[in-house]
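Chain IDs A, B and C follow the sequence of writing; residue 1 opens each chain.
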Amino acid sequence: MVVAEQKPIEEILVMVADFNKVLLTGCKGCVTVCCSGGQKEVGILASALKIARKKEGREIEIDEITLERQCDPEYVDQLEEPIASNKYDAVLSMACSVGPQYIAKRYEDILVYPCLNTTFIGGALEHGVWAEFCQACGSCGIHNFGALCPIARCAKSLMNGPCGGSAGGKCEISPETDCVWHLIYERMSRLGQLDKMGNVVMFKDWTSSRDGGPRKMVREDLKQ
Amino acid sequence: MRLNYPSNVKIINVPCTGRVDILHLLKAVEDGADGVYVAGCLEGDCHYLTGNLKAKKRVNYVKKVLEGIGMEPERVEMYNMSAAEGARFAEIAREFTQRIQELGPSPVRSGAKAA
Amino acid sequence: MKAGSKLEKVFAAGHFAVTGELGPPRGADAHHIHEKAEYLKGMVESVNVTDNQTAVVRMASMAVCRLLLDMGIEPNLQMVCRDRNRLAIQADLLGASALGIKNVLCLSGDHQKFGDHPQAKNVFDIDSIQLIAVLKKMRDEGKLINDHECEGIPQYFIGAAVNPFADPFEFRVTRLKKKIDAGVDFIQTQCIYNMEKFHTYMQQAYDQGLTEKCYVMAGITPLKSVGMARYMQKFVPGLDVPEEYIERLKGVDKKKQGDEGIKIAIEQIQEMKETKGIAGVHVMAIEWEERVEEIVSGAGLLPRPEVS
């Protein structure tokens, strides 16, 4: 899933400093699963913002709505009625950064602000802890590395690791960070594929990655 | 036992402090409570095993939120006591009331008045 | 001959080679470089010029290499993959060749997290082993990565670094072999203190015939003080400085610790001369260039051989 975390509330307060009435929108997709932008987090942020503004003596009115997904036009359409019938100063989105962009595209005349920082594509390690697993390079080759991704999980995205900074299974950048190449070594060893690790992996073609420009996927059979 | 505790403390019963949500605490502050505290069972004595520990983490989360918006985090607190300790309950009620009196009224209410 | 550099010739003639190292300044002061380089002149075959070492911005390695050439000192251009993509790397390599630089050391580069611009975006388009392959392809096939033929084929003596002390230890010799497969001509190791572990590593490399396929230079960094030794032990990944050395430094007067460190370095070099598969030493006297002569001479390696 896409993992995101809420921006510091101080930053959000600055964004809404001049507003008296805003629509705060959540998303029931990835950000609900990673507990950063679902219905519950929308309620908590709305309450915190209201407390802050009451304290300053200038109350802010916040309507809350959590959409099925903010990355699908059909759900973003559901904001039409509330936006049309209320004089909102702005729409705040608690989706990954796709959400606010969809809202801005659909509702051209209203200010849109992101309340989350989209951090990575990853998964949960345990309840309350998430980590990065994929960098969306667009041409998956993890089967060559014991089904572990060196591009997303090696600090230097090495194709021929582990480098000289690998110590005790940890990366030189932090004792908190596993050396993915150490994990690759252990797994290849268990699978009896260590000989594969002896082969030089040549240059990666990055055209399928962000480096090839913004990407698009088309399924002709589904397209209307 | 007829123990006295300050009349300004309003008790909201929950089956277990594990039921107390971040939003419950925030809403109380938003609606103008000068302070909110959670009175849970002693750590290790939760009938549901970890309810009071979860409540403690949520109280800490709310403290951080309040800090982020420039409000005293001491206005929310977690206390642990046994259901058999009536005297301790009254003592904490007095202690927390005194703390809040020292902090003064919630800026949420005074801010509203200033407007 | 691959590139006909002095370093390559010294190896080819069967001599025990010596290289030095110089860190460019964090400013535009070229005078400082001349001063430091003067100490290395005649002491070593060639001098490594670091490339934004430890991810700290310094004068460009290529520019300093050219300054050394003007002084009559042969440079080893260090090149990291952190700061350039394949376009910049190949362009720089062609330029280096045109400037008369023949020895190139291929490195991944320290992560910018530890440097003076931790906010920087890193590149890592290719890694250090692939960088070796780039140089080899340019030199042996006269082609760029995209198979475009070079107008004017560059000549390089290709170097790389290895850290025998990183984990997993059992994989380290295999990784050396990968560098050889990619086309490396010479290797400089991370500074060595744990001689026992290093000998285990070298024995494996020797047994696999790897030391026949490239020249391995042992990295030597003299310890200046107990403090420096402790620092290396604690903060440089995989660098275990044995207590024995620390005890020796502790055993002498504080002012004499540097002398003791130099004595240890000389003993290490003498041991390296007797080690199978070691073709030379890389003396990294960090901000201590003035003592290099003492080390090289103490190890009986002066005068340096004349080659033509």
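Things to note:
By definition in this document, contacts are C-beta pairs under 8 Å (C-beta built on N, C-alpha and C of every residue); 3 or more make two chains touch, one makes a residue touch a chain.
The shown structure was predicted, so the numbers you read here are calculated from the model rather than taken from an experiment.
Taking the CA centroid of subunit C as reference, the farthest chain centroid is that of B. Centrality annotation: A (chain centre taken as mean Cα position, compared with the mean over all protein Cα atoms).
Separation between the centroids of subunit A and subunit C, computed from CA atoms only, is 41 Å. Once the centre of each chain is set as its mean CA position, subunit A and subunit B turn out to be 34 Å apart.
Centroids of subunit B and subunit C (each the mean of its C-alpha atoms) stand 63 Å apart.
Looking at subunit A, no residue sits in touch with two or more other chains. Subunit A contributes residues 155-169, 172-173, 179, 182, 185-186, 194, 197-204, 206 to its touches with subunit C in the complex. If you check the complex, the residues on subunit B that touch subunit A are 22-23, 26-27, 29-30, 65-66, 68-71, 107-109, 111-115.
Residues 8-10, 13, 40, 43-44, 47-52, 54-59 of subunit A are the ones that touch subunit B when the two sit in their complex. Residues of subunit C that touch subunit A in their complex: 81-82, 86, 108-111, 113-114, 122, 124-130, 133, 145, 161-163, 166-168, 171, 174-175, 177-178, 181-182, 190, 237-238.
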